[in-house]
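One structure coming up, written as structure tokens, with questions to follow.
For reference, chains read A, B and C in written order, and residue numbers begin at 1 within each chain.
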Amino acid sequence: MEREREGKFPGVPTGRFPSGRGPIAAGARTLPAVAAALIVGACGGETSIVSPKGPAARSVTGLWWPMLATATAVFAFVAGMLLLAAARGRRKSDDDAKVTPRWGEPFIVVAGVGISGAILVGFFLFSLSRVQALTDAGRRPDVTIGVIGHDWWWEVRYPNGATSANEIHIPAGRKVRLNLDTDDVIHSFWVPSLGPKIDMIPGQHNSLWLEAARPGVYRGQCAEFCGLQHANMLIRVVADTPAGFDAWIAREAEPADAGAAGGRDLFEHQTCAGCHTVRGTQAQGKVGPDLTHFARRDTLGAGVKPRTDENLAHWIADPQSVKPGVTMPPITLPADQLDSLVAYLEGLR
Amino acid sequence: MSSAELLVPTGQPDEYLPTVGSGPTNFGWWGMVLLIAVEATLFALLLASYFYLRFRAGPIWPPDGIENPKLKLVLIMTAILWTSSLPVHLAHSAAKKGDTGKLRAFLAIGFVLGATFLALQVGKEYPDIARHEFTPRTDAYGSMFFTITAFHGAHVFVGLLMSAWVQLRAWQGAFDRHRHVSVQNFVLYWHFVDVVWLFVLLSLYISPQF
Amino acid sequence: MATTVGGTPPPPGVTTGLATPELLEEHWSETPGLGSFLTTVDHKRIGKRYLYTGLLFLVIGGVESLVMRIQLSHSNLHVLDPETYNQLFSMHGVTMMFLFATPVLSGFGNYLVPLMIGARDMAFPRLNAFGYWVFLGAGIFFYTSFLVHRLPDAGWFNYTPLSDSVYSSGPNVDFYALGLIFIGISTTAGSINFIVTILKMRAPGMSLNRMPIFVWGELAMALTVVFALPALTLANILLELERRAGFHFFSAAGGGQPLLWQHLFWIFGHPEVYLVVLPALGIASAIIPTMCRRPMIGYTYIVLAEMAIALIGFGVWVHHMFATGLPTIGLGFISLTSFLVVIPSGVQIFAWLATLWAGKPVLKTPMLFILGFIVLFVIGGLSGPMLAAIPLDQQVTDSYFVVAHFHYVLVGGAMFPIFAGIYYWVPKMTGRLLHEGWGKVSFWLMFVGFNALFFPMHILGLRGQPRRTYTYQAGLGWDFLNLLETIGAFVLALGILVTFVNWVWSTKRGRPAGPNPWEADTLEWATTSPPAEYNFENIPAIRSREPLWDQPELGPHGQPVEAGGRGLGGGHNTLVTSLLEAEPEVVAPMPHESPWPFLLTAALLGVFYGLVIRSWVFWTVAAVLGVISVAGWFWPRGETQET
């Protein structure tokens, strides 16, 4: 139609796309495929919220999936209405456009207030029931473990008095209560596959219900910006069998074996002892992580590197190159002394 | 003193409007009302923060062995400050009647009373407390006490500047029966400062006594 | 015939009250030059400055995000060291929220509100100029910290104790706190101006229920600023007292509470996001009726919804603190209000849908950006309730899921309408249309780039990637989506660039727009393009919500006296009208150009620099100069008597 091509606005160029072949229509056709691919992609991953590995996390996904489904349906409705409105508009005359349909305002009230309100209040009540379940479960723990956040590592205190760092062992299938504190700034304890996070705030004593359904290793991270190495303040939760857990913390409570004298001397008389504790030696420093059974942990530097001889040597010589900003200074030693120090530390099982 | 009330035509037949408004027909009045709203919100949040810290600190307040706030001096200061509202109010009435002489006199009296309040606060109350009881650096109680009262004092100080300005303009003959919105705005502000003091008094000085 | 009771004779032209273009030109024109540049009080010039400067900060904030995205495009990259990254993400947030979004939306408001309500300027023209200069000064103040590599680095939210003097010992956080206090002066001044202008300067007959929705949006924003911004100002004052003077508000050791900062910040911070979104929703409500060739369906609902969002928005701030261990009862209440605040947004969406359905949508570039906005804002509005659900929030807060949510509602909900506004209103400002074809290219680049950048963040958040992290470990399977996001960021940036080039190009080479190229209904289109300095020859009398559609006598040559036009004698004055029904009350003289807003800003800049370099002499002298500037501002010109 001639008039349509010229456009309604004198002096304004016309659009070039007849209906159905326009960019909006093209976008509408590809969108579902893209969305499906992305949604499927979300499910994987060892730290995924939507692959729950414990009852707390499962409680949350029980809320998540219905909310996602509802959100998708609402979006489909809105997008559909938009596309249809754009498409229908092409065939209309200006006079038709000025007619106000009688369903206009009732539609706004019913959809915007009525239906939306009902869905929202419904989800509110549903989510409250989940909150209740999470709070209740935290009240009757089988085991209580203390975790204290530091810049940028985790201090762990077991019920039998053992002190450790960074790798947290729990008994699988049992309710564990973590008592969470911080030594400096606000941190947040988050193991996504096991459950929600909670902050560690100075002067406040928060706690979290942690429970892994099965033995395994569960990864987490600090989730409150805490400075330079917030990104590298990782958490490893190792869920043992209940018997395995008891054995593990029993060993953890014991002092260190004597180990190679050369390496131990270096540790006690270099700056190491000023910051670190190895129970059973003269090193009783409280600034850095307890290293009494360091070699039983799989990583160093709060998860930033796997614990290998090479990584350990590199860390000792120049921690700033591994985790810039960390409190530990470089320890410069001749190669043979470094080797015996590493050997000593690797013997702390 | 001429009291010209100029009516100007707007362009519509037989429609003439004044060029000066007062109260809600004057932009400046609205500006002052909104400024008061902003400052009132600031004080409300300050006091809310005070109560938040107080109730999180536990049952003993003031903490750390600090005694309850002393009331004698502050009640005298309160009397002086609230009394100042009267001459300020009378100044406004005088302006509305076009009586410049009374306007200047009442503004001056109000100024002296306000200045006395401030002098007592900064010259007597603060040094006494800092020397014998606590400083802003002692703990959160001290910090809040000095911050809130000093905030209020700063507002009194700004009020005194405003008063000086309005008095200067009064001496220049700027005001008459129709044109006195500056006086009106200053009076609004001064009453606001007095009302804020009521809340500061109740929160900081009276409520810890119980 | 003027009626005077004693006093001086009226100036020429006042005798009849009629206005001519010559008289208006004589009283209103500002002579071009450096002097005028520094002293202008014309709301249109000031509005454009807000736009240009705000969009410059969009570019700066955008470059910050592009550099961050490069660092994050793969695991364990070392493009940036952690300190630089932390500075970038902190300033990205500060820049986008305080130096881009609010100023640009205020800029549109500054330019358009007087035009839309039939006024000759804002209520406080010098305060208006002052607001701009302070905004510019604060932006400069923030970024001078870059010159010493001391940009704020504790996040835009700046939590204590990380931001106290123990853990942030440099001047970085001082730049943050003082800079925000400084810019708060501008935002507050601007908001007071908007409120008084909107309530007291509407053309006769423009009762509140005939006011354009865009103006309601600016009013809602301004009212929110008045009651929300003091919380931020207070928080920063207390923080500086603690950092510099050893006071105790936030430190647990001194009897303070770290969470006090979070409460104060979010009491401001949540209304802040609504005050960014409300004018943007107003832009949508301005463009949709025009581009659908019909009046808006549900005007009253939309206006009530705007006000409800502003109001309820004050009652939800604790939802930013769901993971801090607060008592469940309080959290539950906030969860409810956070769910309920979705309703007024939904009401607006459905009103627009009804209007689009009933009308004839014309798919020109402004409309495309609005349609894109609706899609993106709805997606963001659907992840919002997920965050209102406490246990789900406790999983996804502080992860990329939240980053996705707020970028959908803020970029989708504010930036896309801003770009729609550019294509829609710049022709009024320059007299020339932007190129339509390139406009569409820009839109699609931005839409695709935006979704490629931010949609995967939902997924990465669900997969456990925390936010505010300068890198992430290998082997988690996060690399591919992060790379996709980085590519998306560059596509989005390219789309933005296309619009800027389009704008510059069209200023000289675009098709002439004429007074009303979109055949729109509101008063800003009843002027020339660009409008004369005095906006309207005669202040029009309004009899409809869509004046240009229902009152054919309205146009760029003024409404005739017979139809209700008021010339006010062609003088440097404007009409003050009543609050509800806009009945004429006063013909108020308006201030002329003045150097004092600029000089006062310079003095204040001196105060803030003096504070950050810790020189009490410096800031005391600057403060005295400031007081002198205020006196100069209020000093009567020419007449002794108060005006």
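Keep in mind that, in the parts below, a residue touches a chain if its C-beta (ideal position, glycine included) is under 8 Å from a C-beta of that chain, and two chains touch if they have at least 3 such contacts.
What you are looking at is a predicted structure, and each value in this text was computed from that prediction instead of being measured.
S.K.: In graph terms, nodes being chains and edges touches, is this line, ring, star, complete or other?
M.R.: line
S.K.: Per the definition at the top, count C-beta pairs in contact and tell me whether B-C or A-C has more.
M.R.: A-C
S.K.: For subunit A and subunit B, let me know how many angstrom lie between their CA-based centres, rounded off.
M.R.: That gives a centre separation of 51 Å.
S.K.: Counting only Cα atoms for the centres, state how far subunit A is from subunit C in Å.
M.R.: Distance between chain centres: 34 Å.
S.K.: Where does subunit C touch two or more other chains at once, residue-wise?
M.R.: Counting only residues that touch two or more other chains, subunit C contributes 257.
S.K.: State the interface residues of subunit C toward subunit B in the complex, per the touch definition above.
M.R.: Going through subunit C, the ones touching subunit B are 1-8, 10, 14-19, 123-124, 127, 188, 191-192, 195-196, 199-200, 226-227, 229-231, 233-234, 238, 241-242, 245-249, 254-257, 260, 263-264, 267, 538, 561, 564-569, 573, 575-576, 579, 584-589, 627, 631, 634, 636, 640-643.
S.K.: Going by the contact rule at the top, pick out the subunit A residues touching subunit C in the complex.
M.R.: Residues in contact with subunit C: 8-13, 15, 22-24, 27, 38-39, 41-42, 44-50, 57, 59-60, 63-64, 67-68, 71, 74-75, 78-79, 81-82, 84-86, 88-89, 92-94, 96-101, 103-105, 107-109, 111-113, 116-117, 120-121, 123-124, 126-128, 130-131, 134-135, 184-186, 188, 190, 192-193, 195-199, 201-204, 206, 219-232, 234, 303, 324-325.
S.K.: Name, in rising order, each residue of subunit B that touches subunit C in their complex.
M.R.: 2-13, 15-21, 24-27, 30-31, 34-35, 37-39, 41-42, 45-46, 49, 52-53, 56-57, 63-64, 136-144, 146-147, 161, 165, 169, 172-176, 179-182
S.K.: Can you list the subunit C residues touching subunit A in their complex?
M.R.: Interface residues on the subunit C side: 81-83, 86, 154-155, 159, 161-162, 167, 251-252, 257-259, 292-295, 297-298, 301, 305, 323-325, 328, 331-332, 335-336, 339-340, 342-343, 346-351, 353-364, 371, 374-375, 378-379, 382-383, 385-386, 388-392, 394-399, 433, 436-437, 440, 444, 447, 455-456, 458-459, 462-464, 466-473, 476-478, 481, 511-514, 517-519.
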